[in-house]
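There's a structure below that I have some questions on.
Residue numbering begins at 1 within each chain, and the chains themselves are lettered A, B, C and D in the order written.
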């Protein structure tokens, strides 16, 4: 299990290549990369706040549950905080398993839980001002898929 | 849509980084990489045969359905044929969308259909001889999820 | 007891954290006590359905006991990922 | 008509493709005709539930008409991905 919480940019491709290398039991690797989206062309900056004392342990708990439940060979979570620009990666997860179903489900599970259970908050700065991103009801609903 | 069928190795990380760059409407990128697995430590080589006249058009049809159905910003399919060694990537797909649900579902759909509807056949060479990999009933069943 | 605030809760209350002397038995009691002290707390805690609470860095609920708790954190629903 | 074989079908029949002169109306008719010609075809086509067929590079079925078809391919279920 590899978990990193950092303000620095990261290289999703290099992380994917470094992940789960040299394991003969891995047949399937799924990755998810979240990117700062700027649909209206008006986003100047995304600020991500987190709760340092809680972040690492909350993510570790979620990742451990994924590893146990899907018998993963390995899993990876990287999440940034601080100031991000449009087009930059916000975070990524990866799950490696023998078969594709486990790697897909585990990565999907990791994303659903990170979204609603890891202590991060996003704020968007546009020409109109600064707004905290609101949680969506559907994000909370998504957790029911895994119960 | 980017579709490549090739005997050469490819760099999954570099492909992921090159994919869906510079698009402001992309918030989520899911990738799947299939790797030559050698659980028993006895695999010498994997040979992949394909049907050249049909492969590109079959994959294009599957990818186009994914793009239409999930309104993807873009999708990528790379599949190798020929001689592969344990640990090497066999193929990858990637799906880019505004939101995570679409990118996960589309990548999962692409994999299910590529597995059972793209004309590739795998043969494994071990110390015991050469065996064609048998299709699994569950692979055909997986297609029912999308009907 | 160390009380922390994140995101718009932090902005509304005006500090990221503070030390609070309290005899509050539960999270709800602590919210009532803080809200009675100053308007900025009352404003931040007006709608607890829009809030989440963590006790000693674990998600908890508003009825939970504060006995033995050293750190309470209030924040809106998380928006990571 | 060009007839192609892949994977173990190719190995059992012994050639990757061949030109076949036939009046067969359907895929099933073609299978019956080839199987009656030589044992290697009969062996390869013994269990059509283990086979798939493509007509002019599109997946099809064994009852399909061969009218106008230029290329028929036989192969086991695909195992890509």
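One rule holds in what follows: a residue touches a chain if its C-beta (ideal position, glycine included) is under 8 Å from a C-beta of that chain, and two chains touch if they have at least 3 such contacts.
Since this is a predicted model, take the numbers as computed values, not measurements.
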| item | value |
| --- | --- |
| Any chain that touches chain C and chain A | none |
| Chain A-chain B separation of Cα centroids, rounded to whole Å | 23 |
| Mean-CA-position distance for chain D and chain B (Å) | 26 |
| Chain A and chain D, separation of their C-alpha mean positions in angstrom | 48 |
| For chain A, residues that touch 2 or more chains besides their own | 34, 100, 111, 115 |
| Of all residues in chain C, the ones touching two or more other chains | 81 |
| Which pairs of chains touch, using the document's own definition | A-B, A-C, B-D |
| Chain A residues touching chain B - in the complex, by the definition given at the top | 11-17, 21-22, 24-39, 41, 86-87, 98, 100-101, 103-104, 107-108, 111, 115, 142 |
| Of chain C, residues touching chain A in the complex | 4, 6-8, 10, 54, 57-59, 71, 73, 75-81 |
| Residues on chain B engaged by chain D in the complex (per definition of touch) | 34, 48-51, 53-54, 57-58, 79, 90-91, 111, 114-123, 132-135, 140 |
